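Same chain, two partners: subunit A is paired with subunit B first, then with subunit C.
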Partner chain A sequence: MAQTGFDRRRINGPEQSHPPTFGTQDEVEGRWIVGQPRKARKPMDIRPIFLQPGLIDQANGSAYVETERTKIACAVYGPRQTKSTAYHEKGKLNVEVKFTPFSCERRRAPMRDAEDRSLAVAIHQALLPAVQVELLPKSTIDIFLTIIEADGIEACVAAGTVAASTALADAGIEMIGLVMSCAAAVVEQETWLDPTEEEARSARGSLVLSCMPALGTVTSVWQSGKLRPEEVLGCMDACQERCSDIHSVVAQALLENA
Partner chain B sequence: MSTTTPTTTSVLSVLSPAEQEALKAATFQRLHPRVYLERFLAENVRPDGRPAEGWRDVSAHVGSISTADGSALVRLGGTTVVCGVKAEIAEPELDREGEGFLVPNLDLPAMCSPKFKPGPPTEEAQVLSDRLNEVLVSSGMLPLTSLCIHPGKAAWVLYVDATCINYDGNVFDAALIAMVAALKNTQLPKATFDEETGRTTCSRSIKEPLQITRTPVSMSFGIFDSTTLLTDPTSFEEPLLDTTISVVVDSTSGALLSASQLGIDATAAQDMLQTCITAAAQRRHDLRKIV
Partner chain C sequence: MDSDLVLPGQPISLPRGPIPQLGPGTYTRDAQVRASLVGIPRNEGSTLTISRVRPHPPGPNSVVLGSITRLSPLQAMLSITVVDGVPLPSGEEFTGVIRTQDVRATEKDKVKIADCFRGGDVVRGVVISLGDARSYFVTTARNDLGVIFATSEAGATMEPVSWQEMRCPKTGKIERRKCAKPENL
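== the complex of A and B ==
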């Protein structure tokens, strides 16, 4: 991997280094092959969720979410005064996502790509309709997410949204409902919920749906890949159903922490 | 004044007497941190209930991150640091043909404390990364020659990245424990360099641990008001300290690897440093079980 600039603010390694290449003769065993049923889970099953609100002492609200290999920590700071002097009638919701360098298969050198930015936008879009920003003039709510380990970018968006919404509730910020999120991928003709990285790679198309199960409203849909309209609607229905299950998990976790 | 007083009393009256007292104490702590700490120390206790020479609980979990070649999560009281090791292959430096690389970095993201903002590493993160690098290199815990695959052609680069999840003081000690534990947890695939093709191939099945010769652990102390020695300071105590002392020892042999003092030289500092080294020698036994 070519290093474009020498960063004086960090300890630097050699100018060029590349991840290890493995011999072809010993392939990883047990890889999914086209035509086989889904491994490890049923198509409509999601990974078990572990959710812990309030682990960061100095944050106004925080949450840690773990779904098997996906691990995300989230902190909410605010509402606090906006730095700029211009008057804003509505509060500003600021979402920042950071990948740890060891979170993916390939090392993520700091500040090399824009994937964290696109993730932040997706989570911001999902949360904004729920947060009552009109009650917080001149203020900013900062949501910081650190991805400790990632297993599929769609699952990261979904888990990140759930973590952020839990942290907002933990911070006592007024929302009209808790935002839940679920991902789906279409592999061959089948819909698989909560795809892992490997599953997403073999998928034809994928979708992330964020909604407020308490109100029955959808806040954001992010679809990519080649899917027929009826497949998209099928995925959305499946995701929405699963979101109400996740909602009860989050509500339970928040009650236990209160 | 007449308009604000009724609202203040109405807000306070919602709270129970105990909550009102807690709010008063929190306000006093925020406005007069130094006096707040002084009053606690006058009673021979610290705000979190420890005596001046008390340590916080340490715990470590290793190997929970599957995308890293080695990983550790360390908690030191409230401070939480997660560290992952990623191994890559590079050509060795021309003047050090038979050596690999060890690249430690500590990140203090905006998530872990309200005092950090998003963006490039803060001054504190840069200083801590540099000190960690110094300790890992100078202690010789991992001979760089053991990372060589083929002299002059290929060697391992170990990126040791630590991230702070929760900042509650003494991040240096926690980060060093996390880095050492992650390195001990690291397994490298067996690599072979093909002289004809000039390529390095690794085996998926055969993995080997690193040849670690030492396990450095650090113990930090702070001097408050040039008289009181506070062990393992928290994030509330840290900004009030005149001097910070860090003692790094090898947890297995007890050999002193480094001692550093940052801040003004108080009159009794000579004795203080000696006290710290003695205390560290005691403490290393507890940390040895963790790492």
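== the complex of A and C ==
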């Protein structure tokens, strides 16, 4: 009986279905083994960046960034009136990060996920010194980041910061400089910039540096894992150098869009 | 040189001579003038600015347009939709308040809010201060400020007949408003 009846109260699957085919690319190439040099890239290379400001038209400013398998869309709304009752002399920066359910290898459950908030805090910290919040009393700037695909959390923070900073510039919000960000991981004794998820997993420690190359100032450093002080300084120098390269990419994208 | 686009944080090279006043879009850091917006720096009189037309929150002396949302004996609430000629995106209005003492410049103590505004009236005002936590204080105490558009009880658009009266063209009835002086008079 139940087999023959068409259940109109449920969502019925398609009549025909096929098993999903998974990409086996990674498996064929083989995994990285301790002691081997870095695959695919040189240690100090970062993934190529595609950046497009102004992709979301209903937002005041927006940006889409893609570095190989990391894809992030960012939208900036505001300045709008702060809804809370307290009076704020300075503007508020509200950063919200959301993972799409299909962004990682494992399904991300929306709402129940805790990682997006720690990412939001990291990006908020990186951006706040640059935004001239003192010019926006009683106002809030909302920054919404959607991580469409993630390949390494450190790279997500870095790419998210770059996207948010580009979107803020696109929205015409006054900033003392553009914030750039770069991630680094220490694997064995070597420093690898812009690590992928797989590389970050085999790393001993990692670091995300955010800075304003135009002013030569650092806005935030986010370190995890075990790193010696000289390694940290080495990573920071390497990241800062790479940030000025990213800055020229962002500058070009913004100038083309203007 | 002046037609070049600058990015936030980029130093702006100044011509020789007196240092211009800094307007919106620029700032100084360590005695170097830098841009804070994407745009072309321009000299407007003696001020150097990077102008960008975008919706911005009202500040003191901003001319705002808005519609009356709520009336009370002490104040009228205003939903600000246009700031300095730039419309705000829908759903992102700011709330303003016109207090009785800010309606007109003379006989402030005789002001009755109900005789000056009605719900739905479109009002031109000037922001006098950032106000309290929720709203901006707006004044209409000038000839060119006040109600610029209102509909009568019959539903027709009214025309101003004096600075505190408007007439309905349909019924000829006179309703009391604090009118703004029409620009072409």
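The definition used in the following text is that the second predicted complex is superposed on the first by the 229 of 258 C-alpha atoms of A that agree within 3 Å, B and C clash if a C-alpha of one lies under 4 Å from a C-alpha of the other, contacts with A are read in each partner's own complex, and residues count from 1 in each chain.
Going forward, a contact is a pair of C-beta atoms (placed from the backbone, for glycine too) under 8 Å apart; a residue touches a chain by one contact, two chains touch by 3 or more.
Since the model is a prediction, treat every value here as computed from it, not as a measurement.
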A:33 contacts which: subunit B (first), subunit C (second), both, neither? neither
Thinking of the overlay built on chain A, is A:74 touched by subunit B (first), by subunit C (second), by both, or by neither? first
Determine, under the contact definition given at the top, whether A:10 touches first (subunit B), second (subunit C), both, or neither. first
Max touched-residue count on subunit A (subunit B vs subunit C) belongs to chain B
Does subunit B (first) or subunit C (second) touch A:87, or do both, or does neither? second
Determine, under the contact definition given at the top, whether A:176 touches first (subunit B), second (subunit C), both, or neither. second
Once chain A of both complexes is superposed, is A:19 in touch with subunit B (first), subunit C (second), both, or neither? first
Shared contact residues on subunit A - subunit B and subunit C: 77
Residue ranges of subunit B touching subunit A (in the complex, touch as defined): 65-68, 71, 78, 80, 82, 84-93, 101, 103-105, 107, 109-114, 118, 120-121, 126, 129-130, 133, 157, 159, 161, 163, 165-168, 189, 191, 199-205, 235
Can you name the residues of subunit C that touch subunit A in the complex? 5, 7-10, 24-25, 27, 29, 34, 36-39, 52, 54-57, 89, 92-95, 130, 132-134
For the complex, give me every residue of subunit A touching subunit C. 60, 77-81, 84-87, 130, 132, 136-139, 169-172, 174-178, 212, 214-215, 251, 254-255, 258
In the complex with subunit B, residue positions of subunit A that touch it: 1, 9-14, 16-23, 26, 28, 55-59, 69, 71, 73-75, 77, 96, 98, 100-105, 107, 110-111, 142, 144-146, 148-150
